[in-house]
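The next part holds the structures, each set out as structure tokens.
Next, two complexes with chain A in common: one pairs it with chain B, the other with chain C.
Let's look at the complex of A and B:
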């Protein structure tokens, strides 16, 4: 291996990486440090970055301040999992159809999906609310799951379609010549080969659902027991004061399950995103 | 049985006519090779026989039954793809078993069939491996195995060897020829490689721009090409073409003039040739050093020594293409040194202005007539 960079170039590169990483990670670091400090110390002046007599006390007391917090984490996880499952069930055959068949209006439909993606859910809140009310699903899990699914399908289709288009068409043709139906081909041939792509879609959908549920939960649900994590965090905003240290601790505990899932799947994520980038 | 008939099969892509009314009969057990330059429609024709592409008009009959509207599996064909099209996540066993799994065949029978196919193709030791662990030749054998287990009436091969290196290709050619004799099945094979066509085919179908240029046994195409296209396509290096003027015709043959030299080419003349410009064709391997019935003095520009042969290229004044001669391996010629080359009249081909060959009166006593005409054998 030849040293392609001079020492000062390397220094500049690492400095650049450090600046960006610091920018991205600073809120997390600050949040974590806040979670370690006693509440009284948070507003002390002069402000001290490093906690004195810091402890993990907030991680214990947070469960007492907001007793339903475990339920909120479960709700978030539950809603995201269901959304991901429904999206995958709908998107896999759809992406296969878009990748393989020439049918009238396929380009138009794909364009429409992209256009839908440009509207954030927030723009459509009022019509959606009326829709939910007509269906009578307000204040149920369904009220948070349905819009989540609807808004995550378009990008999932685009992502998976691109992946499936990279699978050689001759595999389908070979299966067709051997007498396999389209669904048989999808199940036995395409699905296993597209597994990395499907994992990518599953992860992005899961993250999307985790991040997106806040606005639907706030609007379509008023029952405390169905609230997901982001809304649940509001419980730490008291009438008099905000329990900042517990709020930060709760945030970290709340995203932990999702982080664990993503860490387990990340090797698929990387290989999925780069598959086909090099000659195989 | 595996009799295939094509009746005026046409294919349009938009308004572009890819195949222009193909008429062809392939007899049961025959090994037929479709050969032609890129874009001549040979792969399209194969895909239409397979049922992967539809016909625009015309009928495809297998054993006398019209199959145009049947899916591939109901036609009794199996196809081997250029890229092998193996399922990367399945073992060799599962790859070969795939068509039988689709049929929902009983496990025991399936196992016996897959193992039999694996034996034929020497894949017995590889059954539990994934395609990624196999070499190119082995992968291609797996693809052939997947075709064999179905016991189709007709095998279709779409350039199956073009992804292999030269040595492996030669081996696979021999194996395919053996396989054909062993299975006695009808095989249709598409290639752009004329060596594959010449060595394996019972009959070659030369396609050019969507039409059949000529159909015949390999040596028939070599010795009696029907037109300039086939003459130029079959044979390597390519046949030399010289413009000549027709001076007369008799039972002896056609008298032509090339730059002041006259030569009587033993071909069957047709009327109205005298005074016309014809094309004289001669294969590089038929050019001799020294004088001949027609003598050309040329200056070689490039000489390729291949060991067994020496290929010499020379520019002839007034002609765009190189004049090419295939001479013995140790011949004493040098670039930029003028040599005399001779052509025997009996080796010549003659084509009229439309590019149609005048039939040669070649003595084919040294060629087995059974090879020339499989039907007569």
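Let's look at the complex of A and C:
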């Protein structure tokens, strides 16, 4: 058969996969081992990979060293959730318009949206800083939410539009013949059918929002109580030395909830990616 | 006619919120950057029009070096990402037991907040206590500890490796999806004719992958050119500015030194490069999809 491998081919494939995954997972393995080592062992030469007399102590002490840590995790989730909600509210109608109506300038407008993807927040940081200042939202959650939304809109529109174009037009037309208004059709006919697509967009947007918080939080916020996880972790960078084992423990605690949710939903994730790849 | 017209109005009503939002948060700042770049804006109350002074300053300083470095950094990062991505996708595309799990395991660098992955790399690069230097010493490959982030040349490559690590999952999964979209009967036909595995990969997989490769490398190019977090957390552009890319330099000038005008001029330059990439991307993808329809 075409897909049967000889033994040496199997060995080569598994070796290849091992090397590839070793590169991907090495920092996590090392990070986890660091979180188990006591500081004295961490700062000793020669290097020992294995954590002799390792323990989970850092996972307890991390809460005492940085008392605000739970708050940082909450902030990260809170910011990402609000960002995702705003993106969905803006993107669902827009994606529907792009998927269904071919009006003059629609191609150009879609291109303009996609062009936004090319600019990251980092390039526009100066005017964004001035804009946030004139809105009076510096050092609030809003300063970290508002710019994030804008840069997540383009790919969300693109992904959802692709999905909505696959919904048969006959459905809209049937509803229209029955006397339903455009708005009613969108709400009662299209939205329920597009739900799997919307889920994919929501997940990818959430991941994006979770990943991109750093630069906005670094620049637009200096209040400790609003800091999200990536910036909050700097609290483990003490005056004298970095408390590495607690920093790593805190990193794992911080990402655990997100990783669990994402692994549960990973089927949607891959299908969302695939849709983008095949239909471009 | 009136139905047609009400439809168009409805379409615009649907689009309006998103358009307005992006106009305020992206389009207006773009214009503002451009205007600022001709002023001496800073923390001072007054702002004066200074013409081309900021641009003159850029080219009198070491900025040409920074531009060159940015391109070298981006070039290596994107190329390595594509090579590892195609390699990973090929491996994960093999029909072997456990592949569902292996695919899942490629995702973490992409879904974990960037800063956290970067902290982990920061520790691994540590000369005294980090894993890379430690393991290399234990194996006897190097004599003394190497503090990867403290030397210019190693710091340059260290930041590239971390950028590759963060970018690889997306490239791999994208390439995997593209490989799975290749019709299976092509392989079966070649197999019937007695073509071996490598021959099939070289003559079927690779050629059919070219459009996806081009699309992905251009998207990757834009993302990499914009890369900020990695260098900022690992080295802040040091040592001696040897990892200072355009975006790091802009951030330092504008936010660090509060020279908004000079920073804006640098940002305008970045925008010009990005627009060129963006234009090239649209040209290439539209040509690719036109080729498909033939």
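To be clear about the criterion, the second predicted complex is superposed on the first by the 262 of 280 C-alpha atoms of A that agree within 3 Å, B and C clash if a C-alpha of one lies under 4 Å from a C-alpha of the other, contacts with A are read in each partner's own complex, and residues count from 1 in each chain.
Keep this in mind: contacts are C-beta pairs under 8 Å (C-beta built on N, C-alpha and C of every residue); 3 or more make two chains touch, one makes a residue touch a chain.
Predicted model only: the values in this text are computed from it and were never measured.
Partners chain B and chain C, brought together by superposition on chain A, fit side by side with no clash. With both structures placed on the common chain, the touch criterion links A:35 to neither chain B nor chain C.
When chain A is checked against chain B and against chain C, the one touching more of its residues turns out to be C.
Touch criterion met: A:184 reaches chain B, while chain C stays clear of it.
When the two structures are aligned on the shared chain, A:17 is found in touch with chain C, with no touch to chain B. Of the two partner chains placed by the overlay, only chain C lies in contact with A:109; chain B stays clear of it.
In the superposition on chain A, contact is made by A:170 with chain B only, not with chain C. With chain A as the corner point and C-alpha centres for all three chains, the angle toward chain B and chain C works out to 90 degrees, nearest 10. By the touch criterion stated above, A:205 is placed in contact with neither chain B nor chain C.
This overlay, made by fitting chain A, leaves chain B and chain C with a least C-alpha separation of 7 Å. In the complex of the two chains, the chain A residues touching chain C come out as 2-3, 5, 9-10, 13-14, 16-17, 20-21, 23-28, 30-31, 34, 42-49, 76, 89-91, 93-94, 96-98, 100-101, 103, 106, 109, 111, 113, 115-120, 122-131, 146-147, 149-151, 153-154, 157, 182-183, 186, 207, 210-215, 219, 229-231, 233, 244, 247-248, 251, 254-255, 258-259, 262-263, 266, 269-270, 273-274, 276-278, 280.
Interface residues of chain C, counted against chain A in their complex, comprise 6-8, 10-15, 17-19, 21-22, 24-26, 28-30, 32-33, 36, 84, 87-88, 90-92, 94-96, 102-117, 119-121, 123-124, 128-131, 133-135, 137-138, 145, 165, 168-169, 173-174, 177-178, 180-181, 187-188, 191, 197, 212, 215, 222-223, 226, 228-229, 247, 250-251, 254-255, 260, 263-264, 267, 270-271, 274-275, 277-278, 281-282, 285, 289. Here chain A touches chain B in the complex through residues 168, 170-171, 173-180, 184, 188-189, 192-193, going by the rule given at the top.
Listed in rising order, the residues of chain B touching chain A in the complex are 50-52, 71-73, 77-79, 81-83, 85, 87-89, 98-99, 101-103, 146, 150.
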